[in-house]
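Some structures are shown below for you to check.
In what follows, subunit A forms one complex with subunit B and a second complex with subunit C.
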Partner chain A sequence: MRIPKSAIALLPFALASMVFLAGCVKSDPPRFNLNMVEVAEKELTLEQQQTDADVLEALFGTPDDPFVLPETKLNLDKIRLAAGPVWSDQHGKERGLFRRHCVHCHGITGDGAGPTAAILNPYPRDYRQGKFKFKSTERAAMPTDADLKRILHDGVPDTAMPSFALLPDDEIEALVEYVKYLSMRGQTEIKLIDEITQVSEGEKLPLNREMLVDNLLDGAAKKWATAADQVVFPPEPPARTGSALEQSIAAGRTLYYGTIANCFKCHGPSALGDGQASDYDDWNTQVHKLEQALGDSDAIAQRRATIIKDADENAEKTRQDKELSAEDKETALKSIEEQKAQAIYALDLKYKVIEALPYPPRTITPRNLRAGVYRGGRRPLDIFHRLYTGINGTPMPAVGPATPGGKGTLTPEQMWNLVDYVLSLPYEAISRPPRPANPLAQD
Partner chain B sequence: MAKFWSLVFLLVPILGVAIFAVSPGYKWWLPPDISVHGRTIDHLFYFILYLTGAAFVVTEGALFWFLWRFNSTDNRDPVKFTHGSHALEVVWTILPAATLLFIAIYQMNAWAESKIDKPQMPSTLEVMARQFEWRLRYPYPHPNLSDPQDVEDCKLGGKKNIFLVNDLHIPVNEEIVLDLKSADVLHSFFLPNMRVKQDAVPGMKIPVWFRATTTGTYDLACAELCGWGHYKMKGRLTVESRAQFDEWLVKKYQEQQATQEAPAAAKSEDSP
Partner chain C sequence: MNSRHFLAFACSLVGLGLALAAGCSRPVVAGPRPDPAVALKLREQLSAGGAAAEGAKPEDAAAEGPVEWGTLHGVFKFAGQPPTPAPIAATKDPEVCGKHPLVNESITVGPGGGLANVILFLRTPKVPVNPEYDKTAKDEVLLDNKNCRFEPHVLAMRTTQTLLIKNSDPIGHNSKLDLTANASINALIPSGQSAPEQLTKEESLPKQVGCNIHPWMGAWLLVRSDPYASVSNPTGEFKIENLPANRPLEFQVWQEKGNMGGLAFQGGKTDTKGRFKIKLKPGDNDLGTIEVQASAF
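Up next, the complex of A and B:
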């Protein structure tokens, strides 16, 4: 039987499509991005940015080949399970967990700028500042592993963070370790950029153990290692049933509308989250401030013109200076030129960084307490933690003591009253709230 | 030979039937049915499959025969044109119409059983679909019957409810009615082993009911493309005895009421 020409004619198409599909496989290995907002804010030169990248790679490796020093107290095996490209080994064990589950929102660097970040509200968490909202520790402390696990397990309702409850425990633990790794890397970078800007001109950042480990790494590493010691253990609550609960709720309501706790200022007189809403959280503040400092395109053009004008005037003055030798003049002129170039570069960089951000800064909305949705968990314990330490990185203040053992704005019992009140709000008819005649006058 | 294409087209029905025949052996076929009404659904499925399967084989056979008999290289007979056949058109209109009408009537009970005749009982739980997870809400199983307020609180929607995500538990051999809602866009609640699939529509509370006959863990999936994270919207269905189910609910409620971190709270035992 002869195969007709038309069938043979199809062959090149089949081959071409195979080649086309195979072409999709290989690409450059991904790299960690620099913290460009920080770089632009501190006006790092290209050379300084290179130092930043080099030091970080030496301390933390690359996304495909992560590395940690023993000083970080991180478990490299767990990190390796979560890092790298997505694949399954011969036992069916899944690898590259971070890229499988997290990267499209949180980004390869953990900067919360993955491809899907721009369509989300709220934006995904940027780990690099080491600020986490929902945790059981003191306000400025890092979260414990259990806190991070809880968020992965339950997700964050009302946000795009889904629940990963069905992942096996070891995968959750690997992801927790990887989040800590990215966060520690980000915190180290912020410190490193700070150090780089403090190096005086003509000198280089000393790349010795004292600088790299003791100075850069240790701060963040110690914070993470001691997180478990900074857990806040609330005292036992008063009875939470029957008439005792009703009294507690009533006391909580008084506190809510009182001027000491001041809850209604943001969460609103109706607790619908309709109070003051013009604040930014810490992540958005940084970008917002940079944007404000930079101004609109007219302001940028004007500043650019000023830089050029000042430099030109300066150069002219140097040229006219009769006391300088020809050689000195040349050096001075060269330095003026260099400074001008750097100032223009820094200005352009700020503009470009803000332009390139995947999303504009956004103000933070106070929670609607009547929705019955609790982002950090709905256990009374969770609500207590939100009150006691506030919510790190947001305008939600702490009503507990600033330092352990100190005196807080509210007593623990008052906090429990507020917890009971907050938990009762979703079941209270908003049109008939049982409250005193003039709640704002109460205190 | 010029019969190449006719033989290629003959392969279509042969391979189609062959793949169908070997599928169950390779576990490519339907997942095990663990529900009561699943038999009816499967019966309808097979009925339509065999009907369309037979039509498919006959049609493909006819196509093969025409290709074989009238291929342009060997066939020297002149082409014959007709101006249609009234009788033939009547036959091929009435036959499918009658078949469709028969199916429409034949499936009415199955449809009514799974979509219309809702069991008269309070809902077992509420399922809120959202991008990209299943948020579940259960009533508390042991209300204090001497306290009317507590009875009220323990009902679905009351203060004493259990809130969970992606981990759907149900008691075995009991009618389950769940209130399906959506928080954002269209989703579809799909329990393949239960032969249940129902769209979740924003703004609507749609009841879904079924009865499981076998304990074990099964899949819960979203069967409506609901956004970029659709593939993530996976849950787990656990069918267990009534006693285990109640015990599990009480345990979850206690965890939810925690005012202190339990010593081993971080260790959850619901991982598979």
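Up next, the complex of A and C:
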């Protein structure tokens, strides 16, 4: 049989199709990524990374098969509804909610590094640090379920986070539980990595209940379980109509430009959010610092050369050492060689991790208070919470007391004055420049 | 092969290239895959409440017997010509901050080459503490915002003590403490006022303190549950008194910028992480002059 020439010509195309199809038919189930920025920063060895991965899988399972210990106080049924691949059962009940609605921005690990992250400003939230900005609780406390539900229901104005108000309540609740699950997993990992680095040389992290559950998991679990006890309840605002409101706004304005509250330092003398442009939030700071410490390619090459030179010199000294026995010498040389390899590995890993990040660190912009758009909500109560506790994970400081019942920088009344002033800013003349006179209008 | 065939061939080659390239987008660095068998075994052990056998038990430093006490001291020196600290331009509140000569304090070398602001602290947990330290257990430890910098630049405190963040400047400051074990703090400190903070948990390493209004300002704070930490003074000297003697102790040397691994002291060398183990003798223990090479930074 004669094979037509065109068939031969199409052979690469057929191959290409096979490559495509192969990608669709068989792929590994999605997996949780390790917190590689943390791993690189703390210079974990491959063996330590394996411990990190194994412990996390033991405590939290996989994206398709999540697991939680009762100590987490999380509801595994709700988590299962949100986890896994997207499908719907015979009753039409939606499954795999996180992957249907959230994963493209927040990523499978909840690290805020989904495929769309690179084109969004601000970047999607990375849950793993357990830091949430818009909530009703004390600064460092976790948000309550109601806080997370509100974000899902309302979305976050001026960001890519949409409203999921159309989802039924049980689906919202499942997603809230899954966000808590991912966050708890991330917090546990950060603490685990810290514990791994704290182990003395030559010893291993004890993988027992005391370390993994009582020490690591419980810390994160308790924070979430006690969130509802740490809600900030402001005192009733004073009556605010007519001249009382005007007085309150005037008092707020004085505070805004005063040296006690110092609002204008970051939000700018014009309140356009142009006072401080070079600062980073906590999520971006970590990457920014790692980048700075690593330096450019010349600095990396130089550091690598120093590591090799130091190790070689050290080895040479050991070889010349006449007091050491042949056996000791061999052990010492082996350890020098191992340390050298690890140092180079750690250096390369930092570079690789930064290279692989889907987006560069970005500075944080103080809010433009004249736009009338408030990410955490526009109710006076929302603005009060932003002022009282500051915004966790950002440079915005707290004007309320650091511990409940303590004395804050401002009194609650002064905070209400500032709330009134902030809410009045979009209506000030400077926010709404006068229109040019209508040339057609005749007097 | 005629030109039509060639075109088809070329097109399909491009297709193959695209298919291959699709699989070779930005690499994902995700770390090693968990081992399901290991994870499952570990989970069973944890759920059953049993203790896994793996891992070494830390040496018990709190051995019995009457405790004798020793002092550990030494000097950190910068080997060679110290770098000139880079000046900082006061871009915020220049009318106040511009009056003070501000420099980068990440490497502070004093007269005679002494390396200041290096912390030496005890890592070994649960050691007996000398009753002498009871006197200072409830003290206030001051962190002052003064002349648009933090004073001191590096400080160590105990979990029982109170951190008093003060603002001695005529302008406002905020103090952002990025803590790990304790809840993070970002307090606004108006001019002339101070804020007391309780930090009840031990931090494994010094943590950074910053001021967002004046981004150049920075300090480092170490919180420990025992009193055994010392920050080297401007001449590079450090001293920890009344340490428990005759038992294995582990210390860590830390400097904000440098790698304190491989430092040679009298009787040993720090490991890659700047740690070393030592058994103190009662009375005086001198680590001698510890030289830190410029390549460490």
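The working rule: the second predicted complex is superposed on the first by the 405 of 443 C-alpha atoms of A that agree within 3 Å, B and C clash if a C-alpha of one lies under 4 Å from a C-alpha of the other, contacts with A are read in each partner's own complex, and residues count from 1 in each chain.
Please note the rule applied: contacts are C-beta pairs under 8 Å (C-beta built on N, C-alpha and C of every residue); 3 or more make two chains touch, one makes a residue touch a chain.
These numbers were taken from a predicted model, which means no experiment stands behind them.
Looking at the shared chain after the overlay, A:Leu152 reaches neither subunit B nor subunit C.
Partner contacting the larger number of subunit A residues, of subunit B and subunit C: C. In the superposed model, A:Leu425 makes contact with neither subunit B nor subunit C.
When both complexes are overlaid on chain A, the residue A:Ala160 reaches subunit B alone and has no touch with subunit C.
When the two structures are aligned on the shared chain, A:Pro234 is found in touch with subunit B, with no touch to subunit C.
Using the contact criterion defined above for the overlaid structures, shared-chain residue A:Glu57 touches subunit C, although it does not reach subunit B.
In the superposed model, A:Val176 lies in contact with neither subunit B nor subunit C. With both structures placed on the common chain, the touch criterion links A:Leu381 to subunit B but leaves subunit C unconnected.
When the two complexes are laid over each other on chain A, subunit A has no residue in contact with both subunit B and subunit C. Per the touch definition, subunit A reaches subunit B in the complex via residues 1-4, 7, 101, 104, 116, 136, 145-146, 149-150, 153-155, 157, 160, 162-163, 165-169, 231, 233-234, 236-237, 240, 378-381, 384, 424, 427.
Subunit C makes touch with subunit A in their complex at residues 1-2, 4-6, 8-9, 11-13, 15-16, 18-20, 22-23, 26-36, 38-40, 42-43, 45-47, 49-52, 54-58, 92, 123, 170-172, 174, 176, 178, 180, 183-191, 193, 195, 197-198, 204, 212-213, 215, 250, 262, 271-273, 275, 277, 295.
Listing the residues of subunit A that touch subunit C in their complex gives 5-6, 9-17, 19-20, 23, 31, 33-34, 36, 39, 46, 49-50, 52-59, 62, 67, 69, 138-141, 190-191, 194, 197-198, 200-201, 203-213, 259-262, 265-266, 276, 278-279, 282, 306, 310, 314, 339, 342-343, 349, 352-353, 355-356, 358, 390, 392, 395-399, 402-403, 409. Contact residues of subunit B toward subunit A in the complex are 1-5, 131-133, 135, 158-159, 163, 165-167, 228-229, 232-236, 255-261, 265-266, 268, 270-272.
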